[in-house]
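You will see two complexes here that share chain A, one where it goes with chain B and one where it goes with chain C.
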Partner chain A sequence: MISARTAPALLLFAPLAFFAAFFLVPMAVVAISSITTDGGALTALHYTRILLDQYHWDVLWVTFRIALVTTAICMLIGFPLAWYLVRIVRWRAWRRVCVILIIVPLFTSNIVRSFGWMVLLGRTGLVNQGLMGIGLTDRPMRFLGTETGILIGLVYILVPFVVLAVGNALATIDRGYEDASADLGVGPARTFWFVTLPLCLPGAVSGAIMVFALAVSAYVTPALLSGGQITVFSMLIFQQYSSVFDFHYGAALSVTLLVLTLVLVGIAGRIGESGRRAA
Partner chain B sequence: MARHLISLVALAALAYLVLPLAVIIGASLTQTSYLVFPPEGLTLKWFGVLFNDPSYVSAFVTSTLLALAATAVAIVLAVPASLALARYAFPGRKSVSALLASPLVLPYVVLGAALLQYGSAIGIARSFEALLVGHVIIVMPFVLRSVLPLLNPEQRTLEEASLDLGAGPATTFFLVVLPQIRGGIISGGLLAFISSWINVELSIFNTTATLNTIPVKMFNYVQYTVDPTIAAVSAITIVAAALVIIILDLLIGLDMLSEGRRS
Partner chain C sequence: MARIRGLVTASTLMVAAALSPVSAQEALHVAWYGGNWGDAFKACVADPFTKATGVAVIPEVGTSTVTLAKLQQQKSAPTIDVAWMDGGVSELAQAAGVLDPITEAGVPNLANTLSQAIYKDGTGIYAVGTGYYSLGLTYSTKEIKTPPASWNDLWKPEYADAVTIPSPANSSGVPFLFFLHKIWNAPAGDFKPVFAKIKTLKPALFFDSSGAASNAFQSGEAVIGAHFNVGAFDLIAKGLPIGFTVPKEGVWATDARLHLVKNAPRKAMALKFIDTAQTAEASKCLAEKLYLGPSVKGVTVAADVARKLPWGENGSVDKLYLLDWNDVNARRAELVDTWNREIARK
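Up next is the complex of A and B:
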């Protein structure tokens, strides 16, 4: 008979060995090469190079600005859509269709989805045709190679995460609180503001931070929709590994992105957990 | 009033989600040699061009083999891991569970770069093996998350009964545990397969001109030219994703946003 002590060790041996060999060790290799020279001596040079170069601050600023605006627009679009699905739609079959429509883009490659926007946002694309058709502009507007183009593509890719996070939070709210508030004579707007919103805030905030982290580390969408005009942080990493071949410097950039992402996800996890405990 | 406004925004958002996918499928049917939407005339010839191009066929085969192999390895690793996490209390249980789930939130560009650098060190860089190990790491959390909730306490009683009645651990696993978690393995496996099949950021570091996956090939192609063949490849992946999601819906029910469901 296998004891309760050895059983987990036996069951976890293969998965943990695999994760150690192909996940932890590669990450450690990156971390080590970010603080060493070719000869193996310790150095902080790669990080000071990131910190002292104005260009990196510009790229970081662009990356964060795009991620921030993306997150804000995702919330503005995702919240009403989640509300609509959970609170307004009464016909189950239609809700099911909507959920499928929200999930299908999630399971389509970033490249395919960004390609769709390349077609739509081109000079003679449907978006420009539409804008000119309703008289908003008389010349085709330039979207590809601009931040607006990247924003449209990133919001498109990340909105489903907000809908699912907020939708889940809304669906699990006990309607009793809202009914109690209404019974006490509080109007619907105030009930929403003081009862419903605080109850789904943890879900919404952790969804927002998730979107922000994914937007900061996005590569494919900005690469395709920037048309080489705008550089974001993940492109710097890719350049170092694919064309410059400076693995030490690339490693320092990778560690920077990784730490930023993990901090954000950690915060999101905390907020999500405290929300679950409060509910 | 507010209700109508929300419905309007929601329907516009749904249209926004559907539009690019519809445009790609539409544009793949055009008779013109350039991309145009709405399509001019209807034809399936671009799909024919695709299947007659050996580089697409080989990328298609690589992507599919890679996704199948990654999913299979991920299942073999994730099932024992979820049994250990669900059935035993041991020191470091929380850290193990966090470690195994962490690829879900990791920037894939960073993992791809790490595997290229590490792969060069151990001599597997830019090979199918290098792609495979990376894909196993990123898809395993999907299987884990689908299987874990099925290993609930009621299920545990059945396993204990089986062991008390003299069945060995192996017999108990195949006759009692496996039938219970089969649904989780299938749905987690489907999610794992799709996630592997559509990946660009991780694969791009370890692919070459001859060893290429469909998404990476498309990514490299689209940066220089866009034509109806790219729309045709894209259309195939969209239709495949939609089919898998519908199967998942029928299998486990994706009616996740209904009210009154307590998590």
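Up next is the complex of A and C:
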């Protein structure tokens, strides 16, 4: 007989074991290797090498700047899209088509999609042909190898996360609050600002956090679209593992990025929390 | 009594093992690369080996660095018998102590192997080359009518923003710096002039992966640059207007090498496998499928294959700049760091 207590424990065992084997253990391996030498002695050298070097801070700034701008643009595009899907579309079938259109690209690998952007954004690509065709520029514009190129690729890949998170939050808002606000004589703009927006803030913040975390750690998209001319932090990590074979330094770089990202995400989480309380 | 019974059981088991048909247990485990490389290794070496010996081959697919990581993890109880790894990683594997020496007695075909393709150190032969590939000058035949004659053509103003060379994240990136250092006669050990000149290059991209280079040539993003002969001729085979040439300074090249894993569970078969790879037939087959320059002496290929080899038409292994990977590995971290600071930022 399985008692009422052991049943949840058994159910929990599988996911916990999976989590431990595929997340905690590899994470511990990386963390340990970041504070040891080849001989196994403890050292803080890898971290001082990173943190005392202005170059790494410069790369971190580029990485976080790209991630922040990506998040901002994703919100600006994703919020209206979610609003359109949840509040404006009346025809169910069309809404379903829209949702499928948003989700389907997620089934394709980032590598393929980034290669696609390389073709589109290239000197002789469709975008430049179009820009030159309508006479906006005479010479092909440089997208590859610029931050703009990386931003286009990241925003394209990450927008669906905002649409899904915000859409979900919007759909669960009780329209009664907005009606009550209107009944009390408040205009639609103020109702949106003081009622609707705070109510979907938690969803928006979780969408933003997802986008930010994925953009900070993205490797494939920046690596392909930067053309090796802009360096983000994940590229430094990849280099150490793939080409320099200094796993200790690579691990320290990974942990640095992880900790700094967690700090920023923690701050963003606080903002979401206070938003929820205000609502 | 118990001892006798034990002996009987053991000998029965041994006889049974000797008589039993090929089972997964007995199969030889060989680490090789993915994609068309793995397919070619299977067709050119593994299949003839299985045909001759009746021993099945189980591939362990991974890039050179992944294979090295696996060998390091299973150091105490290896399951892989033979491993293909590229030049560079090969030396790291030897330094990591995961290889056993390959003996002339175990691999008689070493007598037919080019001396350059037999890699020895104090402990003996640690690797055998199975074919060379090079990083040559690749260009769009649509935009460039006469084949470029020199690597310095990459700096011509008409190719501004349309040039590609490897980044240090690619396995050819750091060796390419050594190659440029040599052809420009830079002072020994000083890479400053090399970086200074690369800084004046107007690139379309520095490629991380061979696939990114292929993509750039295919889309027209790159008009001229460095690419592997294997990748370039794959594009040419697809009908794209692309040329591959060995300029007057020559080309940097390396090779895919076979290694005997330390304490390999099936050592005799492993040596036999390496021997099969060093036959003229296997070498010719790899030249036809992957355009690898044969490392076996006296292999002749059809003219259409010959022009795709790493040393170009009418070339030979002497046209290749084969460097000492230990020198590269010693300066790898420092050169990657300098590249990051000097080149890979705007």
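FYI, the second predicted complex is superposed on the first by the 237 of 279 C-alpha atoms of A that agree within 3 Å, B and C clash if a C-alpha of one lies under 4 Å from a C-alpha of the other, contacts with A are read in each partner's own complex, and residues count from 1 in each chain.
The working rule: a residue touches a chain if its C-beta (ideal position, glycine included) is under 8 Å from a C-beta of that chain, and two chains touch if they have at least 3 such contacts.
All of these numbers come straight from a predicted model, not from anything done at the bench.
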Is A:F238 contacted by the first partner chain B, the second partner chain C, both or neither? both
Once the shared chain is lined up, is A:V263 touching chain B (first), chain C (second), both, or neither of them? neither
For A:G167, decide between first (touching chain B), second (touching chain C), both and neither. first
Should A:L136 be classified as contacting the first partner (chain B), the second (chain C), both, or neither? neither
Thinking of the overlay built on chain A, is A:L144 touched by chain B (first), by chain C (second), by both, or by neither? second
Between chain B and chain C, more extensive residue contact with chain A: B
Between chain B (first) and chain C (second), which does A:L224 come into contact with in this model arrangement: first, second, both, or neither? both
Using the superposition on chain A described above, determine whether A:V119 touches chain B (first), chain C (second), both, or neither. both
Going by the contact definition given at the top, which residues of chain A touch chain B in one complex and chain C in the other? 115, 118-119, 125, 223-224, 238, 242
Of all residues in chain A, those that touch chain C in their complex: 55, 58-59, 115, 118-119, 122-125, 142, 144-145, 223-224, 227-231, 235-236, 238-239, 242-246
In the complex with chain B, residue positions of chain A that touch it: 2, 4-5, 7-9, 11-12, 14-16, 18-19, 21-27, 29-30, 33, 77-78, 80-88, 92, 95-96, 98-105, 107-113, 115-120, 125-126, 156, 159-160, 164, 167-168, 170-172, 175, 188, 210, 213, 217, 219-220, 223-224, 234, 237-238, 241-242, 247, 250-251, 254, 257-258, 261-262, 265
In the complex of these two chains, what residues of chain C are touching chain A? 65, 92, 161-162, 167-171, 173-174, 203-208, 211-212, 215-216, 219-221, 332-333, 336, 340-341, 343-346
Counting only contacts in the complex, chain B reaches chain A at residues 2-3, 6-7, 9-11, 13-14, 16-21, 23-24, 27, 35, 37, 76-78, 80-81, 83-84, 87-88, 90, 93, 96, 99-100, 103, 105-111, 113-118, 121, 133-134, 136-137, 140, 169, 191, 194-195, 197-201, 204-205, 215, 218-219, 222-223, 226, 230-231, 234, 237-238, 241-242, 244-246, 249, 254-263
